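Mind looking over this structure? Questions follow.
Just so it is clear, A, B and C label the chains in written order, and each chain counts residues from 1 on its own.
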Amino acid sequence: MNWLIWKQHRKMFVILAAFLALYAALAIPMGLHFWHIYQHALANCSKTDTCNQLSGSLLQSGWDNNLNPSLQGGANLVVLLLLAAPFLLGMFIGVPLITREYNAGTNLLIWTRSVSRRRWLTTKLVWILVMTALFAGGIAALTTWWSKTGNVLYLNRFDPVKFDLQGVAPVGYAIFAVSLGMALGAWLKRTMVAVGISLAVLLAVQIAVGVAVRPRYMAPLVRNVSINQNTTPGGNDLALSPQVPPGSGAAWAVSGGLVSKTGQPLNWSTPPRKCVATHPDQGDGVGSVGPHTAVASTDKGPGRQADAIISRNGGPAVDFQCLNTLGYYWDTKYQPVYRYWDFQWMELGLYLAMSIIPVGATYWLVLKRDA
Amino acid sequence: MEQTVKSKASEAVHTRGLGKCYGSFWALKDCTISVPRGSVTALVGPNGAGKTSLLKLLVGLNSSSAGEIAVLGQTPSETTNYLSSIGYLAQEIPLYNQFTALEHFAIGKHMDTNWNNELAVKRLQELRIPLDRRVGKLSGGQRAQVGLAMALAKRPQLLLLDEPVAALDPLARMDFLASLAQAVTDADGELTVIMSSHLLADLERVCDRVIILAAGETQLCDDVDHVLKSHKLLVGHSGELPKHEGMSVIQEVRSSTATHAIVRLNNLKLAIPGWHVRDVDIEEVVLAYMGQSRDMAADERGER
Amino acid sequence: MIFHISSRTGVPPYLQIVHQVKQDIRLGLVKGGDKLPAVREVVTMIAINPNTVVKAYRELENQGFIEKRAGIGTFVTKQPAGPSPDVQSALLDKLEVWMEEAKNADLDEEAVEALFHTAQRNKRGDQRGTDGKK
């Protein structure tokens, strides 16, 4: 039976291994390259004591405007592919695994050897899921390693896209995707329909988990910061968090915004009339106020005035000094960076637990229904 | 719901009142058959009669919804023990198109307990079928032979074939039936075959037993020789055929001048005065039963 | 020795083989002591059920036309039952004379066959009467 798995799927295994090798060939030199630049810049900046401007100077030296070490344009495509990898695995490995046999009728050939249907399915499932886990784990490990520089520099690996690509969670995504593909294939028996539905479901689940479930793995910490020169627009400033050493503290802002003395969130469309200004700021409009933004230690430098005037959401311009005197403050809920690995393991656990449903469904659909 | 029937040791297959439903549709309603060991049985009937359902029940792929079934003394199941005693070739001869015949045999070697590789290889070599060409590139007749080899090299005790020659040209068909007959000869009484087919003329030469299935029910299950002896065509002047208790009318056709009737004689020595008796071949008998079943179904629906 | 099975005659295949063997013996195509093809040979030649061949050979054995010699094969018996070739040859001559008469009377082949079958049936009917089957 193991021999059959190899025989039927060796092309797939070889292709996956080739992709992994190709990615390694790209990622390892790149990662090394970035790390050396960073180390070099670190060595230089300590001489001139400009290390807190490091990311800014690296930006000037050509890294992309997401402050990511980038492949100059090809990066977005690579990131997209990496994000899509689990979905593609589910669609093009999970679904055809079962539908191909049904469509060709070969299920009637292979189930009437001397091996029971249960053993056939179990062996297939185990091998395919193990291969999936190894592939996804390999890709994630390479991505994690490659992103080391960026992570150290910008402390943003808790961010949605970066969280999805690094660590151990991708293994969970891949296993869930392939399990779901198999179950849909076993249920619908038609490849294209099953592929379409798996894509839709996987996307929906990924987004739902990232937006609504992940922030709640642990109760977020709360931090309230008054409006002052270091906390003007652009920021939920978390560098001042007592738990995190200055210069390295960025966490994942789950939610945040300006809140009144009584706890009411500021409505940018209808701010307190008293604080409506007549001259909107030319402002940098850096960052947006809301969840899922994390900005590192303010690199706007000291001297930024707290009397900035900003408008948002098409509403009137608001004077921050005025808000401050009214008692408004920044209310931030965040997940501190030291919880990153806890969250990774919990997300992996969640996806593995979710996978039990499609795996069970596959068993029931294949074994219990008439051939 | 399955119960094992006390079947005689000489019977390869024994069913009683066997039924199979898919949802509310009963593909097989009241199937009672018996097949002696070592025989070659033809399973005939119109499309949708339940032939494929019956074969799948015998293989053990599906479980029955009613009645009793015993194959080789056991209840069919998907265990290694049972599966290794059955050989099955499904309709449309499913094979892995990207694999060669040799690779298919390797599957057999790894997944069958009694696989005899030399037998399979020799079989194809005698027929001059290329062993290292992808099966998807072989002709229909060659694929059928590969499929047959996959089933036979398992060295089963019961071989179940679902319309194996349906899509084959006449020469390929003859080759297939000759291969099958050879395999039966070589097995020296240890191999029982049940083969479903539409092509009745071929069946008479290869099969020594016939089962007629129509609308999910058994119309006839008997040795071919006995069928030919016991079924006759009666020709007479127009009018009703007299009822005899030694005879059942299967199908009666009346015209203005004559009446033709195919009957089954329960008493072979019965003579009916005034009626001319002619022999019939198996095809006419099967057609008569199938016609009878179709007419009965139409009656039930109130269409006649 | 080549057999030929016709599927539309209503005659069971095994009987067809029996008739063909008997015919060949009568016509002198197969002589006493000749070996009949083995079951597998027949099956390979014409795709038929081996049981059919076995049954036919058994019937021929019962009627005394052939005998089985263990380990060697099946052979035509030295003294085949039935009339000698000379008798048959004489009958054939008579038949040819009759055919000539029929042709002169403008009987075509079908008419000849019909007459022949009628005669056969009549003979069979007589026989049934004498055997008391009713």
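Following the convention adopted for this analysis, a contact is a pair of C-beta atoms (placed from the backbone, for glycine too) under 8 Å apart; a residue touches a chain by one contact, two chains touch by 3 or more.
Since this is a predicted model, take the numbers as computed values, not measurements.
Q: Please classify the inter-chain touch graph. Allowed labels: line, ring, star, complete, other.
A: Its topology is that of a line.
Q: Using each chain's Cα centroid, which is most distant from the centroid of chain C?
A: A
Q: Quick check on this structure: which chain has its C-alpha centroid closest to the centroid of all protein C-alpha atoms?
A: B
Q: Would you mind pulling out the distance in Å between where the CA atoms of chain A average out and where those of chain C do?
A: 89
Q: Taking each chain's centre as the mean position of its Cα atoms, how many Å separate chain B from chain C?
A: A distance of 31 Å separates the two centres.
Q: What's the distance between the Cα centroids of chain A and chain B, rounded to whole Å?
A: Centre-to-centre distance between chain A and chain B: 60 Å.
Q: Can you tell me which positions in chain B touch chain C when the two form their complex?
A: Interface residues on the chain B side: 38-40, 174, 177-178, 180-182, 184-186, 201-202, 204-208, 224-225, 228-229, 269, 271, 278-283.
Q: Write out the stretch or stretches of chain B touching chain A in their complex.
A: Interface residues on chain B, with respect to chain A: 22, 56, 59, 61-62, 78-80, 83-84, 86-88, 90-92, 94-97, 99, 103, 106-108, 110-114, 150, 154.
Q: Touching chain B in the complex: which residues of chain A?
A: These residues of chain A touch chain B: 1, 3-4, 7-8, 104-118, 370-371.
Q: Give the list of chain C residues in touch with chain B in this complex.
A: On the chain C side, the touching residues are 5, 7-14, 39-40, 43-44, 46-52, 55, 133-134.
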